[in-house]
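Residue numbering begins at 1 within each chain, and the chains themselves are lettered A, B, C, D, E and F in the order written.
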Amino acid sequence: MLKVSNLECVRGERSLFKDVNFSLEAGELLQVNGPNGSGKTSLLRMLCGLARPAHGEIRWLGDNIRSLDEDYYNSITYLGHLNGVKDNLNAIENLRISSALAGNGIDESTAYASLQKMGLIGREILPVKVLSQGQRRRVTLARLLVSDTVLWILDEPLVALDTSAVLLVKGILEQHLEKGGMVVMTTHQDINIAAIETKRLQLN
Amino acid sequence: MLKVSNLECVRGERSLFKDVNFSLEAGELLQVNGPNGSGKTSLLRMLCGLARPAHGEIRWLGDNIRSLDEDYYNSITYLGHLNGVKDNLNAIENLRISSALAGNGIDESTAYASLQKMGLIGREILPVKVLSQGQRRRVTLARLLVSDTVLWILDEPLVALDTSAVLLVKGILEQHLEKGGMVVMTTHQDINIAAIETKRLQLN
Amino acid sequence: MFLWVIQRDLLLAMRQRSDVLTTLFFFIIVVSLFPLGVGPEINMLRSMAPGVVWVAALLASMLSLERMFSSDYLDGTLEQMMLSPQPLILLVLGKALAHWMVTGVPLVLISPILGFQFDLQTDALLVLAVSLLLGTPVLSLIGAIGAALTLGLRGGGVLVSLLVLPLYIPVLIFGAGAVEAVSAGLGASAHLSLLGAFLLLSLVLAPWATAAALRISIE
Amino acid sequence: MFLWVIQRDLLLAMRQRSDVLTTLFFFIIVVSLFPLGVGPEINMLRSMAPGVVWVAALLASMLSLERMFSSDYLDGTLEQMMLSPQPLILLVLGKALAHWMVTGVPLVLISPILGFQFDLQTDALLVLAVSLLLGTPVLSLIGAIGAALTLGLRGGGVLVSLLVLPLYIPVLIFGAGAVEAVSAGLGASAHLSLLGAFLLLSLVLAPWATAAALRISIE
Amino acid sequence: MAINWFKYSSPASFYSLAGKLIPIFSIVALILFVVGLYISFFVAPTDFQQSEAYRIIFIHVPAAWMSMFLYLIMAGWAAIGLAFNTRLSSMIATAIAPTGAMFTFLALWTGALWGKPMWGAWWVWDARLTSELILFFLYIGFMALQAAIDDPRRADKAGAVLALVGVVNIPIIYFSVKWWNTLHQGATVSLTESPKMASIMLTGMLIMSIACWMYSIAMVLIRTRTIILERERHTVWVSELHKETT
Amino acid sequence: MAWASLSDFLSMGGYGFYVWGSFLVFLICLVGEVVLVLNRRRTLLKQLSLTHKATKNEKNNETTT
């Protein structure tokens, strides 16, 4: 479904990577590995269409994602280094708003249920700014529980999470893959996610 | 040297922890463990004097840190969740300025050398905002290489680092402990740091 | 989705109830500073009034511009918005509208009272309010372009004012001109219809330019 | 360390060379807005001039206040500063000074030219510049208190103006008053020495209050 | 027409073409300036009403014209750069801005120096003067925005959006002349003292204007060449260029 | 048109300050711009030749080692 050919990324005057080729089918997981600064985040942002590749093409169901635009956005969910939560809103409001922006509004009880799954009960009506680092990350990740997209693009989703939360996320990803979803992710931690096929892309 | 007795932390109407007692001598390492939101960051901020404990005392060389103030700051280095680097300055400038603020100015060649050790050469004159997440963390951690304080208080120093950088930090910490320094740190990753004595504090 | 954006921004504004009030108070304070700086002569104050009120409105609207996108940008929400399946133009329109509801509407409502302080006549007061009603949305719409262009740049707050103020000037001239025309006994309809034309023009063009600017800034 | 703080802030300002210029241009633009809003009558403009220039100086200085501490706060630098072995008061003084050098000094230098636009006489121009020279550091010092108090609060930009503008008013009154006194043929020395007294007072008290406010905001 | 325009839209070939054109424009500009200045001071007669002060017209009017033309041209190139993603046109737009700002400043400055003897004030808030001032702000805004952005591609595009929005503003400002009482170009200026003198003045003004045009083109070309080198310093053709010169 | 004397020429019928103030600033601006532009180009060229040499040396080193 996702097909990347000859991708090259240039930042400043440096070519971070070139000739990156891969394709991803339903149920498959792509782990992007590489040391700090090797261009993982840059690659993921290109996959979302947030950045423009210096060279090469990214195709979704055969079409270049540049030409698809909003159709493509209907099929992906991107979580980056930044949490994208509003400090002054509480967890429920944050989750409902970010889902609505992503194109599927949810009601309060659904939001409550997913936050419960993420272990945030008791903290769901505090403004997010008083939450701990790991708890804010959990609020962000709760979006995955209510998302109905096919392709998840996750940039270091496990940062700041404790071991129980890491297991939780692992479970969510495996369930998504089982249902025929696709995941592209980076992480510096060791984690073993069951998938139909796990591809690995080593940068640098 | 550092002695904590009966510490209690209250956030909102919740008591995060109480009756925390420990002491730390030269060459010892304290690992603070606990799930997300258990109060690790809150504890560390209290140890620095950035937050006021609801109850209990923190003594440094016998004196309450509240009464010591600037003398105490001469002996500690704190690295929190936030990087404390300026997006628009480059790595060298950032390092020199943060060292100067910490009370020991360094010259450009020293800064260059420590950044080299942290694997940032070739990136040292780029504005920090274009660096990758892990590279920004490395800029922050480079402060440890030039710091001359005894007590290091580190909140999840390993976040966003790749494996080689984790080893690097491990080495720096071990060297510091060997020289009779003290370290208080939190992390969700498994890491084994050699110390005269490794104490563990489990919150929640 | 359009509604969601407005709703979210209003919710954020309401979460700190003081937000709306502070813009309002800023407006009031700036207007009140002038008699302090200039002296209490009532005839002079009366002829200054439209200009002063309008300049204060410009500044109040501009002051909150920087926050329009920058907080969303810093915490990553903006990235999410760009990846939203709905058209970016709608989203931008929603944000500009929310900005206007928080900063513009209160000014329109309070302006007659401030006009009183400067001893304006009833018809002038009315025209003042109407001109603000037509003009302040234009300020929010144009301001959105500036805010999008300066996203993530250091010195954004001051830079945005540098970019936006020259573009605000026609609104200022015709807005203040309308009130002066009425005070001078001439009709204000010409001025007001020009303001209306500006509003239509900026409603069509500004969201488009803002969306383009956002895409440029995010890349 | 004191020097380091100033140096760092100036470095940050210079890194984007445009930073100093933008404050300056903001000042110029705001001053130029008034004639546009009020109309071109030269006698009225001349008597408005001191007030307008001073209000613009207030706004220009205030607008950049928010950034004084907030960027340091958001990225964690401020925490590091609080943990610095040097006294916080010095640090605060350094930041206020850097703020003044970036926002205040350029205004003092450009003010005579703006005075020309309003057709002020030479002695009035001189007093205008001197009053700004004495007054703008007070603005930076007082502003630092407000910036520290509103740290990390949403709507900081507007809130800070709400807090500091009332404190700015005495400076405004005596600053503009000095110029008016000269234009009216009276001496300005009384006004100017009062401004000097404000400066001394705020040099002593403001860093202390700012440091206290910072401690409160960080906790 | 055998000229291959596409050939010259690539920075490399533009670079060499501009290198050949610059001396021509510079020399023409220099000659015209000398002739123009000679006419201004030694051929044009004393004005009956304004005595010698009117000689400022020979630089004031060309500067004012250039300030407006250059903005439109700058916006045009910026628009082309935005629409067709041609790097060269954006670079030209960036190169025009400082020259345009300088002429705007000169129009303001010479106008102010003319205003003092003619109107008794350095400055009046008249529509023409005000709109010229706003034009100056637009230039400054354009340059400040580009200076604040590190990434040249983003700077190009952001500048283009701003320049285009500014263009919409210009006619609006211009039409506002009607709503203001104008002092500029009123009865104070008597151009038509005698037909002969008017025509001499007109020739002087025209020659000075053309000189300014040639000067601007030369400046913009030099600056564009510099910008091309700055941005393309890592490409092959630049380093080959260097092999040739060293 | 001839001027009676140099001082006559300089005084411009009493408007010397304004006329010369305009023309001098005009010339200063133009000449200043030329100097600035050429300066910018010269420093850039110097920089370029330096980096060019540096890369050449690097390449030489690579081939020798």
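Please note the rule applied: contacts are C-beta pairs under 8 Å (C-beta built on N, C-alpha and C of every residue); 3 or more make two chains touch, one makes a residue touch a chain.
Please read all numbers here as calculations on a predicted model, not as lab measurements.
Enquirer: Taking each chain's centre as the mean of its C-alpha atoms, give the chain farthest from subunit E.
Expert: The most remote chain is B.
Enquirer: Could you see whether D-E or B-D has the larger number of C-beta contact pairs?
Expert: B-D
Enquirer: How many Å are there between the centre of subunit E and the centre of subunit F, using C-alpha atoms for each centre?
Expert: 17
Enquirer: Please tell me the distance, in whole Å, between the geometric centres of subunit A and subunit B computed from their C-alpha atoms.
Expert: That pair's centroid distance is 30 Å.
Enquirer: Can you compute the centre-to-centre distance for subunit B and subunit C, using the mean CA position of each chain? Integer Å is fine.
Expert: 45
Enquirer: So what's the Cα centroid distance for subunit B and subunit F, whole Å?
Expert: Chain centroid spacing, subunit B to subunit F, equals 53 Å.
Enquirer: Give me the residue numbers in subunit A that touch at least two other chains, ranges are fine.
Expert: Residues 81, 87-88 of subunit A each touch two or more of the other chains.
Enquirer: By the touch rule stated above, which residues of subunit F touch at least two different other chains?
Expert: none
Enquirer: Send over the residues of subunit E in touch with two or more other chains.
Expert: 137, 140, 144, 148, in rising order.
Enquirer: In the complex formed with subunit D, which residues of subunit B make contact?
Expert: It is residues 48-52, 70-71, 73-74, 76, 78, 80-89, 93, 97-98, 100-103, 105, 127 of subunit B that touch subunit D.
Enquirer: For subunit E, which residues are in contact with subunit C within the complex?
Expert: Subunit E residues touching subunit C: 134, 137-138, 140-141, 144-145, 148-149, 153-154, 157-158, 161-162, 164-166, 168-169, 172-173, 176, 179.
Enquirer: In their shared complex, at which residues does subunit D touch subunit E?
Expert: Checking each residue of subunit D against subunit E gives 16-18, 21-22, 25, 29, 32, 35-36, 39-40, 42, 45, 116-117, 119.
Enquirer: Sort out for me which residues of subunit D touch subunit C in the complex.
Expert: Within the complex, subunit D touches subunit C at residues 12, 15-16, 18-19, 22-23, 25-26, 29-30, 33-34, 36-39, 44, 47-48, 50-52, 54-55, 58-59, 63-64, 66-67, 74, 153-155, 157-159, 161-162, 165-166, 169, 172-173, 176, 180.
Enquirer: If we count contacts the way the header does, which residues on subunit F are in touch with subunit E in the complex?
Expert: 1-3, 9, 12-15, 18-19, 21-23, 25-26, 29-30, 33-34, 37-38, 40-41, 44-45, 48-49, 51-52, 55
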